[in-house]
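Dumping the structure here so I can ask a few things about it.
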Amino acid sequence: MERVYRLVISCPDATGIVAKVSNFLSGHNGWITEANHHADRPSGMFYMRNEIRADSLPFDLEEFETLFQPIAQECGMNWRITDSHQPKKVVLMASKESHCLADILHRWHSNELPCEISCVIANHDHLRSMVEWHDIPFHHVPVDPNNKPKAFAEVSGLIKQYQADTVVLARYMQILPPELCHTHAGRIINIHHSFLPSFAGARPYHQAAERGVKLIGATCHYVTEVLDAGPIIDQDVSRISHRDTVEDMVRLGKDVEKNVLARGLRWHLEDRVIVHGNKTVVFS
Amino acid sequence: MERVYRLVISCPDATGIVAKVSNFLSGHNGWITEANHHADRPSGMFYMRNEIRADSLPFDLEEFETLFQPIAQECGMNWRITDSHQPKKVVLMASKESHCLADILHRWHSNELPCEISCVIANHDHLRSMVEWHDIPFHHVPVDPNNKPKAFAEVSGLIKQYQADTVVLARYMQILPPELCHTHAGRIINIHHSFLPSFAGARPYHQAAERGVKLIGATCHYVTEVLDAGPIIDQDVSRISHRDTVEDMVRLGKDVEKNVLARGLRWHLEDRVIVHGNKTVVFS
Amino acid sequence: MERVYRLVISCPDATGIVAKVSNFLSGHNGWITEANHHADRPSGMFYMRNEIRADSLPFDLEEFETLFQPIAQECGMNWRITDSHQPKKVVLMASKESHCLADILHRWHSNELPCEISCVIANHDHLRSMVEWHDIPFHHVPVDPNNKPKAFAEVSGLIKQYQADTVVLARYMQILPPELCHTHAGRIINIHHSFLPSFAGARPYHQAAERGVKLIGATCHYVTEVLDAGPIIDQDVSRISHRDTVEDMVRLGKDVEKNVLARGLRWHLEDRVIVHGNKTVVFS
Amino acid sequence: MERVYRLVISCPDATGIVAKVSNFLSGHNGWITEANHHADRPSGMFYMRNEIRADSLPFDLEEFETLFQPIAQECGMNWRITDSHQPKKVVLMASKESHCLADILHRWHSNELPCEISCVIANHDHLRSMVEWHDIPFHHVPVDPNNKPKAFAEVSGLIKQYQADTVVLARYMQILPPELCHTHAGRIINIHHSFLPSFAGARPYHQAAERGVKLIGATCHYVTEVLDAGPIIDQDVSRISHRDTVEDMVRLGKDVEKNVLARGLRWHLEDRVIVHGNKTVVFS
């Protein structure tokens, strides 16, 4: 795939930002292959993402950063630039349920997901063989009510050891300790099996059956210290009827979960998601 | 349209119910044009709806009721039979917003909704001309914090006067008093502009914007004494993005609201909805 | 609503276009409230749409055009700039079916569609009262196999007389003569009641029933001289089942038709649609 | 899972069919857990599917068949009864593309698809390792323009050898010879990567890009001798935009393809699909 740089910017809205950025790029012959802007009126913030062909620029990322810094400073930008040829390093966390993990592994295996998968960490050993078939390291870190600090220290150590950029909770089913959420803010993605904010917490399909809703859903979001309350990246739903039991919902929900997680993860990996407050801008 | 009887049954599940009912019908040469069954395992209840060509039976509804009564009693049935040529009488209640009202009026005017519309009751006078163009009586019953008992007595009187079977809150925006909800249980349909149980109560689109959801929704449900908590008939959603303001959500939501309400109302009018507990069976 | 200018550009792709345009705008203190770009690789074309707050610029549209002309010329642009406070003038054409017409009239009446509706032209007189209730002129121009040249000359005369920008075939059911299509290329919008290219031509729901499809659809497109083959603006579908008769499809299809037409028309009115070849770029 | 018998019936519509069948069942204490009927007016045909708890009946399938035969004969039924504990035997056929095959294998591995997978036959060797990890026999039967009769004789032999009930073309990309289609009519399921009847034949995503459609789709259907023209089981679509290249469509389409195929296959395996003429009744 063609190598592109992705320039992602958040700053207070003002006249002339696009001109400054596009002048900088065109001044260096940068070929913009995709551009997205968003001016958020309520917050007065401006968001921007550009994809630039790497081979159109006369310098590398490091020099880009140096040269662009004055503009960034002038506009009060929170910004980053990434290289599509330096894919993010992802740690997948799972439990016993295989559907989300298998889906991500297959997409990665088919070159559909632009990332490296550093390892899988699971609190059960069930999925080891599936993971190892993909030549990905599998770490079994059991979690029980008595060993949590130790277990999560191990998890934290593995994330560090693999220098992971991103952690994906592929139906991990354990609540991460606050400090882990905090340290990796905006970099841990969870899939929750309900259309949040409905049915947060445990057993959402049972809650949905109890309430008699006519659609079930799934939500992909960044993890924060507050359970199931982080910035939402994507959501989708599936129609159900009175004939569907909780077991049917679990089965039908799996397809929604894995599709929503794959979509959200893809956008994250391509730097299409910008967190602002407790919401996201998604330049999909 | 062909005249049909609709036989709608709820009873404890047991072997032989379908046989009893279908024997009764075939014994009288009844031609079943549509049949739906549902055995609900958790509650041990059985639900059934048959459409029978009226002209295939040698008797009228009254005699049907007499002859069927022994079977109904034997099986402990909660049942009703209705005649497609005796459409339900509907009272529409509205406020200032026209989209749901205009949609229902147009569907009725185009012979798409099998009902009579007895009148429109509104707490503002804005929509009078639209209603009267359809040759439907319009009653302006203003509601304010100080006149509620009197206003709702008037509403209640109008519903009685028109002998209405069904009341539709087409974005009425006022909370009905508990006794009205109670008297017309299972016969008052509301459209709420959120995907319940998320964002019950006031200003759901503002709540949705605040939470940063990626889909907005609408819910059609029977009204009970608990606000926005009655049995859900239908729901649907519409995709939004970070670019959509609350005003955009309001606009996009209108289409979901009117489609969900029209669908739910149609099913109600055709006796396709059976309430059980706080849920519905919908033989759509 | 805030007054904005909409600058819509097509030109051969090259480095520096965005810089030139945004320099021009920021050089005059133009406040961009929305921006969309698309570089189409296969054709080597670049498409761009900017919304600029009118009150942020020190000049009017005419002067904008004069000042911008050199940049447009330099880049080989096909471009236009429009003013949100000069809404397009729309002629609606209908037959007997009311659903699309009623839907557009109601949206317009509710200030949801940013346009003037100049008049309705229909080849039957059925919908006169509905149109006149909205205080919109209604012209009955009957079309039959023998009077087509005369009838369409009258239609053409009316479009001229009202200085209409846009013609909407709201289930008009007559084929326009080629010269009319040609004269108003990119300005006549049709709704076809199938998911094109399937089921072009007459009685698409019958064709769909015959084929046994599981989804029916509708397509909003610009009219060209080739029947149902013009550039597609929007499409959508609705799920059906074996139980749905052709009559059910017609009924269910109406909702898809009117929603797709309303969405496509709205995008057209806001200058969000750019035709390239036989396709469209839609900056929705 | 609870053992059920599935009684599936097609016959000319008449009064009393349901009564006869339900009398038979209730006369033997049969507990119906799910029942679906459909009277197709245009063809005058009646379709019925009952699920009956196996342990509620005092006899086995063979005796059921003997006892039910008189009723079947009287009503001119085309019928079958199957046992949920004798899952169908499925042969999967694939080429190089893994997404549909991997999806079916994972669902089967997770006990989501009620079938045995007898083997995978592929005309390339690429997917051998994935298949063998699941402990399923993999047969590489290369097909080229010169060896077709021999290759398909081998395929045919394998299907016989494994006594397969059902053949699934999981993006097999080869056209089966007419006699194979004929011998296994109603038992070969294909996934075509377009919303049929649009874009039959080769390279449907290229055709879709050429036409500029705004939704892409997939169709699961029974294979007949006419390419992509057999009875449709299920279809679905995914929204695209001008930004999506053919490569994007291929990627987005994969999710639609695998979901539609999995859904259609599931319905087939549970005897929920009845072919009538070139259409299907699907009791989903």
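For reference, chains read A, B, C and D in written order, and residue numbers begin at 1 within each chain.
One rule holds in what follows: a residue touches a chain if its C-beta (ideal position, glycine included) is under 8 Å from a C-beta of that chain, and two chains touch if they have at least 3 such contacts.
Composition by chain, UniProt nomenclature: A, B, C, D = Formyltetrahydrofolate deformylase.
Since the model is a prediction, treat every value here as computed from it, not as a measurement.
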item: Number of hops, chain A to chain D, where each hop joins two touching chains; value: 1
item: Taking each chain's C-alpha mean as its centre, the one farthest from chain A; value: B
item: B-C against A-B, pair bridged by the larger set of C-beta contacts; value: A-B
item: Length of the line joining the C-alpha centres of chain B and chain C, rounded to whole Å; value: 36
item: Chain A and chain B, separation of their C-alpha mean positions in angstrom; value: 41
item: Sequence positions of chain C contacting 2 or more other chains; value: 34, 243
item: Complex interface listing, chain D residues touching chain A; value: 34, 98-99, 102-103, 106, 109-110, 112, 129, 133, 243, 251, 254-255, 259, 262
item: Parts of chain A lying in touch with chain B, wherever the complex brings them together; value: 38, 40-42, 195-199, 211-215, 217, 231-237, 241-243, 245, 278-282, 284
item: Contact footprint of chain A on chain C as seen in their complex; value: 15-16, 18-20, 22-23, 25-27, 29-37, 39, 56
